Each structure stands twice: as C-alpha cells, then as structure tokens.
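Multiple structures follow.
You will see chain A twice below: alongside chain B first, and alongside chain C after that.
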Partner chain A sequence: MGILDKLQNIPVPIINLILILTISVPLIYPIGIPILVDPMTRSAYEVIDNLPEGSVVLFDYDTGPSTVVEVGAADKAMVYHMFKKNLKIIFVSSGVNGPMYVETDVPPIAKRLGKQYGVDYVHLGYFAGLEMGITAILNDISSIYPSDVHNTPIEKLELMQAVKNHEQISLTIYSGGLGDQLLSWIRQANTAYGITVVLVPVGVMISYSMPYYPNQVAGIVGSLRGGAEYELLTNRPGEAIAGMDSLSLSFIWIITLIVLGNIGLISSRMSRGSS
Partner chain B sequence: MAINWVEIVGVVFGMAILSFVFKPNPVHRLVESLFVGGTAGYLLIKNLDSAYKLSINRVPNDPTLVIPLILSVLIFARLSKEYSWLSNYPIAFLTAIGIGVSVRTIAETDIIKQIRSTALPLIMPSDVLTSFNNIIILVSTVTVISYFLYARKSTKTLRTSNKIGISFMMIAFGGSLANSLLSRVSRTIGLLQSLIIVPSAVYMVPIMIIVIAISAFPEKLGLKKEK
Partner chain C sequence: MSQTFRRYIPMALSAAVGFITIITYFFYFPLVIQNASSALVSWGSILTAFAQGLGTIFLLRSHARRVIRRDQGEWIYSLVIIISTFIFPVLFFTHGDTSTLYKTLYQTINNNIGAGVWGILIFALTGAVYRAFRLQNLNSTFLLVSCLIVMLQIAPVGGVIWSGFPILGNWIMDIPTTGGYRGIMVTAAFGLIALGFRTLFGYEKGYLGGEE
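What follows is the complex of A and B.
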C-alpha cells in the first residue's frame, strides 16, 4: 500500500485520538488565537445594547444537557449584558431541561449585579405545546403560567403585574437546538406581532437560521463560537473564549484530513488512469 | 478535600461515552442506556407536572379544561391494539390547531419576506462586496429554484442553470456540514472542559484509568464473552 492509499485509509482511532489531543491540549496550555466578531453576533449585541432601560425581554431558555456546551456560554453572556443594561427578563423554556439551567445560570449573575427576583427577572418555567404554546404566551402569559417555577402566583410578581402579553415585550430570544421551535418564534413573535427576535442556535441550526437574517431575525449568536464573540463584546472572558483555541486547532486538523483525503483520492485516480 | 460526587459521576459517565472512540463496549452501552432511560423518565415527570399545573389543578375554577384532559388521556389509547383508533381524535385536534396557528404566518414568513430578502439592489458602486453578495443571492435562488422546477427539461440554458443550481446547493451542504462539525467539536470541548478544568481533578485520573481499562478490555474483566 502506497502513501497515497494510506492517506485515504487512516485508522479511525488515530483520527479520533489526534482530534481529542487538538481539543484537550489547548485547554491546558492556551495559545490565544485571535477571535474576530461575526456581524450576526455584533448585530445581536447591538439590538440588546440599544434597548431602552426597563424594556422587557422574553427569553426562551431551551438549553439542555446536549446543547449547554454550545449555547450555555452565550446564554450567560447575554443575561449578564441584559442585566447590565437594566432590562427586565422573563425566562420561559420550551424544553423540559431549560428550567434546570435557568436556576443554575441566572441567580449567580443576578446576585452579582444586584438584581432582584420578581422585580428585574422572573422564571416561569417549562411550557408545553411548542408553537401553540408560544402563541398562547404572546396572547396572554397567565393562560399558560398561572404561577412561576416556584409556585408563586404571577399576579404577586411585580414584573408580571406590568407584563400581560406581547404588547409589553420588546425582544424575544430563543436559545437551543430545536429547528421547529426556532422557526415558531420567528413566525409567532416577529411575523405575527413584529417583535424583534434574536437567536442563539446550536451549530447545526446556524445555516437553518441564516436565511431569516437580518430581516426577520435581528441577530444570531451561533454555537460556542458565537458565545466567545459575545463574551468578547461584553468584555467578560469565560468558558467559550477558553474553548476557542481548541475549536480552531481541531478545525485545522479536520481541514488537513479533508485536504489529505482529496489529494490521496485525486492522485490514486490519476495513477490508475495513467496505468 | 470534600469529595464531589456529582463531578465523580460526571467523569465516569463522560469517560464511558468517550471510550466509544476506541471501540464500542459494554460500559459505553450501559451509560448510553442510563442516559436514554433517565431522560425519558425526566420528560414524563416534567410533562405530567405541566399538565397538573395547567389543567388538573385548574379544573375546579374552569370545568371546560376537562375536555383537553380527556383528549390527552385518549392519546395513551395507542398503547392498546383494540382502542388505538381513539388516539386519532386528539392527534387530529392537535394537528388542526397546529396548522391553524402556523398557517396565518407561514406564507409571510417563508414566502413573502423571503422573496423580499432576495430582491436586493444589485449594483452598489459604494459597496462592491455587498453588490457581489446580493448578486450571488439572486443567482443562487433563481438557479436552485430552476433546478427543482425544471430538472427534467433538456434545453441547453436550463441544463446550465441546473448545473449552477446544483453547485450552489453543494456549497450550502458543505456549509451545513461545517456547522455540524462546529456543533460536534463544541460539545466535545465542553465535555473535556468539564473533565480537565475542575478543582478536584486529583481523584479523576484513577477513575479515568479504570473506565478506560474496563472499556478497552471488557473480555478480561468478564463483562463480555470472548469470541
């Protein structure tokens, strides 16, 4: 077997082992590869940055165990940014795992910035029904949420006394990996009521979201890379920036594999053709 | 140093899943099954809780909520061969509402606004790059639509247009694949971050060695019959 054939038949365990090394070594010894901010991430940042103080944001925190490593960093960076801008946030979750992550991620940030539950933010928990659930929330929040996640009736929460339906909501954010849900927010919040929508999709969903940018989706903070860019914009380096060296190096390895595989394929075809 | 059991469980499960990199093994399958079972149970409980809060709990104040409750119970008729036809009613109801809710906006979201997004100024002397991008958007949209509408027509112009359309689709598929890779690699980074960057990494090394040993040599440990 010649070198060209070997290039097309690199054993999978070796490919995986080198991939794990390209990911894990930069986590221990960071390199500091520069990060450029994508216009879609900058646009999401500017939308939030330009909202007047006291504006209400409806945040669908559909983060789960399989998506948290991709969108978790962006979620936290955005929550930090919104609290810094004195925006009011209503957390809901179209996925059952979301409430668990809201309870883990949000209170520490709120506590650090002196934000009060019920006044500056509320957590309403999980809602079923996907697109129908979104429609119901935008029409009348109390129809879906008679109480918050801690079983406090929503009429007793100061923030919810002022927010009844879509008319009081300035921005909706969807964070997660469900394509149907992402589209549902565009359809029901933006098309039906003209509410600005920002998306925090997982990597697979970025190309799915892009046709809607910038006319229907004001900004896209995509996957871990988007999270790192957002952390950079908020000047708050975190886990996403820490992972960017690994991401860059692993992609260099994947690109190398694609190039090597193609060189091997083309060369072996040429040598077969000449013989 | 206090032992953090959550981290230990995380490391054991993380390493077990990563052990698939070497070869499929019983430890990997065990953890995978535990995850699937645990998630299914969690989903069931959370949805029952949601149903309780939204419907069962509110029936005394609003008796009409009995109707959706009955419909939701009928969905479980699928579990019986004899009465599975009953589950068609709630499904039909849900489908009808779903279509009704989405149809009112789908045309505007996916057709009218998408056409508007494609109809962009082509010549912008002050911004050559945007002009180029807008031309690409227009050409790719037209050629891809032409490919799907006129794939069987054999005039020379349409054949050329179809080929260009296919090329644009291939580029789009490549972009999607790259984003999928971004997704997968990001998840691996998150997992390795949780394994490597933890305050109590001291007791994780022996766990990693044990899990790797079990997954690499299951036959010798009696977890799998030798062939």
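What follows is the complex of A and C.
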C-alpha cells in the first residue's frame, strides 16, 4: 500500500487514540486559547443583565444525559448570573430528565449566593404535553402544577403567590434541545404573549434557532462554546472554558484527517490520470 | 363498532376543541368560553401524561411476553427493561425523587450511561467525517469547505489561526444557513396551517387510525 492509499485509510485505532489525546491532554494541561464572545451570547447576557431586580424568569431546564455536556455549563452560568441580579426563577422541565439536573445544579449555587427556596426560586418539576403544556403553564401555572417537586402546594410558596400566569413573567429560557420545545417556547411565549425568549440549544439546534434571532429570540447561548462565552461574561471560569482547548484541538485533528484524506484522494486521481 | 363512534364523534370532538382554542386565541369571548379553552389546553397536558402511562404498559406487556417465551438473545434485555422500568417509580414512592438514594442511582446509572453513549458518538462521527468528506464533485466541495470554516469558527483556535475564520463562519451561519432555514420553516408553517384546516373540517382522518 502506497503512501497515498495510507492517507485515505488511516486505521481507526490511530484516529481514536489521537482523538482521545486531543480531548484529554488540554483538560490536564490547559493552553488558554483566547475566546471571542459571539453577539448572540452577548445579547442573551444583556437581556438578563438589564432585567429589573425581582423580575420573574421561567426556566425550562430540559437538560438530560445526552445534552448536559453541551448545555450544562451555560445553565449553571446563567442561573448564577440571574441569582446575582436578584431575579426570581421558576424552574420547570419539558423533559423527564430535567428535574434531576435542577436538583443537582441549582441548590449549591443558591446556597452560595444566599438564595432561599420558595422566595427566590421554585422548582415545579416535569410537565407533560410539550407545546400544550407550555401553553397551559403560560395561561395558568396552577392548572399544571398544583404543587412543586417537594409536594408543597404552590399557593404556600411565597414566589408563586405573586406569579399566576404569563402576565408576571418577564423572560423565558429554554435549555436543551433535542426536541421541538425550542420552537414551542418561541411560538407560545413570544408570539402569543410577547415574552422575551432566550435559548440555550445543543450544537445541532443552533442553526435551527438562528432564523428567530434577534426578533423572536433575544439571545442564543449555543452549546459548550456559548457556555464558555457566558462564563467569560460573568467572569466565572468553569467547565466550559476548560473544555474549549479540548474542542479546539479535537477539531484541528478532525480537520487534519479531512485534509489528509483529500490529499490522498486528489493525488491518487492525478497519478492515475498521468499514467 | 359503528362509523358514528369510530369516525364521526372523534372528528366532531377534534373540530370543536380545535375551533374553541383557535378562536379564543384570535378574538375576545365571554370569560366562560375563555376558561373552557384554557381547560381544554390543560387537558392536553393531562392526556399526554396518560398516553405516556399507557405507552409504558404496552412496553412492559411486549417485553414481558418476550421474557415468558424466552426469546433467543432478546429475553434477557427485555428483563433488564422491565426491572429498570420499576426501579425508579418504586424508589420515587418509597424514598422520594429528592432522596440521596434516588439521586445517587440516577446519577451513577442513567447519567453515566447516557453521557457515555453520547460520548462514544464522537469516535463514530470522526471516522465517518474522515471517510465521507471527500472532494467528489462541486456540491461536496461546497459542503466540505463550509464545514471546515464553520468548525474553525466554533473552535476558538480558528480565530487564532486566522481572524477571518470567525467572520466567514458567522457569515455562513447568518446568511445562507439562516436564510435557507427561514424558507423551509415558512413553507412548513403553510403546510401545517393547511393540515390544521383539513383536520378541523374533517378531511384529514389519518389521526383516527385505521384506513383513510
């Protein structure tokens, strides 16, 4: 097998081994490649930053095992930012995995910033019905959630005494994105009631969300890269910034593979043509 | 079962529910109709939850049959599904979903398996990209070049290599991609409106099941 054929047929174990190294080594020895903040992420940050104190945010935490690596860091950075700005957050989940991630991610941040459950934030849990569920929540929260995840009736939660429906909600955030909920929030919250919407989609859903930016979606914090940018904006470096060097090096390896494969292909075509 | 029960009553119900929820969105009606519309929307969520429960029963029934029949190479996996389906509800009712046991089991099993399965995808994708992204013709060349530019826009190292990569990548995402998606979405929305009207007026019968 000639060198041109070898370039087109690099063994899978070698591809995978180098991929593992490009992902893991930068996590142990960070390089610190500078990160530019995308206008969509900055816009999301500014929307939250400009909300008056005490504004109510409805956060659909649809994070799950398949999406947490991409959007988990952005979720935590945004929750931190909102608590810092003294916003009130209502957590709901259109996906069944979401409530577990709210329970894992939010209480430590709330505790660190001195936020009180029931007063500064509430966790209402999973709702079924996707778009119909979203519509029902915006019409009347108690129609879907008579109680929170701890089985406390919502009328006993101080925050929920003041929040009944869409009229009291200033911003909705959707995080996750392997389903259609992303568009459902735009249709039901923004189009129907004019509520500002910010999205935290996984990578494959960024281009799906972009047609709605900036008119119907005020900001998009896309995937791990968006999370890193948000961490940078909140001046709170975390797992997303740490992952950016890995992302850069692994992408460089994938691009190298594509280039090598094509060099092999073009060269073998040229050699066949000349012979 | 007569046509009345199988076709006409479900169609009439669908049309009535559809009309009430649509007209109360566009026009102001007495409070009783507005409340009826809100209640119908809430029922949608409840019905979905009920359908999920029903789906779980069908899933368990199907896998229980495989276990009983000892289907070669399949029954053991079906048994795992049955046991897994019961673990979390049992723990939910005995310990609650905020208990340490529930959280630990969830995080050590569901989280790790889920993240692991999705993590493995990167290896499959890298291999696939290496083999598929070849300059075969003009279309594949456009696809390949766009892909490389967008990858270098997403990865911070792209801006370090050349400051033009983020600009070019943003242009690809903002103009051709967004424009194309907008066209597809608007067209799909028109199709959805047409489907909605067909359903409301009883021309669309696929959702009732059986023959058209």
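Keep in mind that, in the parts below, the second predicted complex is superposed on the first by the 274 of 275 C-alpha atoms of A that agree within 3 Å, B and C clash if a C-alpha of one lies under 4 Å from a C-alpha of the other, contacts with A are read in each partner's own complex, and residues count from 1 in each chain.
In this text, contacts are C-beta pairs under 8 Å (C-beta built on N, C-alpha and C of every residue); 3 or more make two chains touch, one makes a residue touch a chain.
Note that the coordinates shown come from a computational prediction; the quantities given were computed from them, not determined experimentally.
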Of the two partner chains, chain B (first) and chain C (second), which one does A:Pro34 touch, if any: first, second, both, or neither?
second
- Message: Quick check for you: in the superposed arrangement, does A:Ser248 touch first (chain B), second (chain C), both or neither?
- Response: second
Problem - First (chain B), second (chain C), both or neither touched by A:Ser66 - result: both
Q: Using the superposition on chain A described above, determine whether A:Ile144 touches chain B (first), chain C (second), both, or neither.
A: both
Checklist entry - Touch check for A:Ala74: first (chain B), second (chain C), both, or neither? => result neither
- Message: One more residue to check, A:Ile173. First (chain B), second (chain C), both or neither?
- Response: neither
Mind working out whether A:Leu257 is in touch with chain B, chain C, both or neither, as first, second, both or neither?
second
_Looking at A:Leu199 after the superposition, I want to know if it touches chain B, chain C, both of them or none. Which is it: first, second, both, neither?_
neither
* Kindly classify A:Thr191 by the partners it touches after superposition: chain B alone (first), chain C alone (second), both, or neither? => first
The intersection of the chain A residues contacting chain B with those contacting chain C is 16, 19, 23, 66, 68-69, 97, 127-128, 132, 135, 144, 192, 203, 206-207, 211, 225, 247, 250-251, 254
Contacts from chain C onto chain A in the complex sit at residues 25, 38-39, 41-42, 44-49, 52, 97-98, 103, 106-107, 110-115, 117-119, 122-123, 126-127, 129-131, 133-135, 144, 147-148, 151-152, 154-160, 166, 170, 173-174, 177-178, 181-182, 185
As the complex stands, chain A meets chain C at residues 10, 12, 15-16, 19, 23, 33-36, 38, 64-66, 68-69, 97, 99-100, 103-104, 127-130, 132-133, 135-136, 139-140, 143-144, 149-150, 192, 203, 206-208, 210-211, 225, 228, 244-245, 247-255, 257-258, 261-262, 265-266
Listed in rising order, the residues of chain B that touch chain A in the complex are 18, 21-23, 42-43, 46-47, 50-51, 53-54, 57-58, 97-98, 101-102, 104-106, 108-109, 113-114, 116-117, 172, 175-176, 179-193, 196-197
Note: in the complex, chain A contacts chain B through residues 13, 16-17, 19-20, 23-24, 27-28, 66, 68-70, 72, 96-97, 126-128, 131-132, 135, 144, 146-147, 183-184, 186-188, 190-192, 202-207, 211-212, 215-216, 222-225, 239, 242-243, 246-247, 250-251, 254
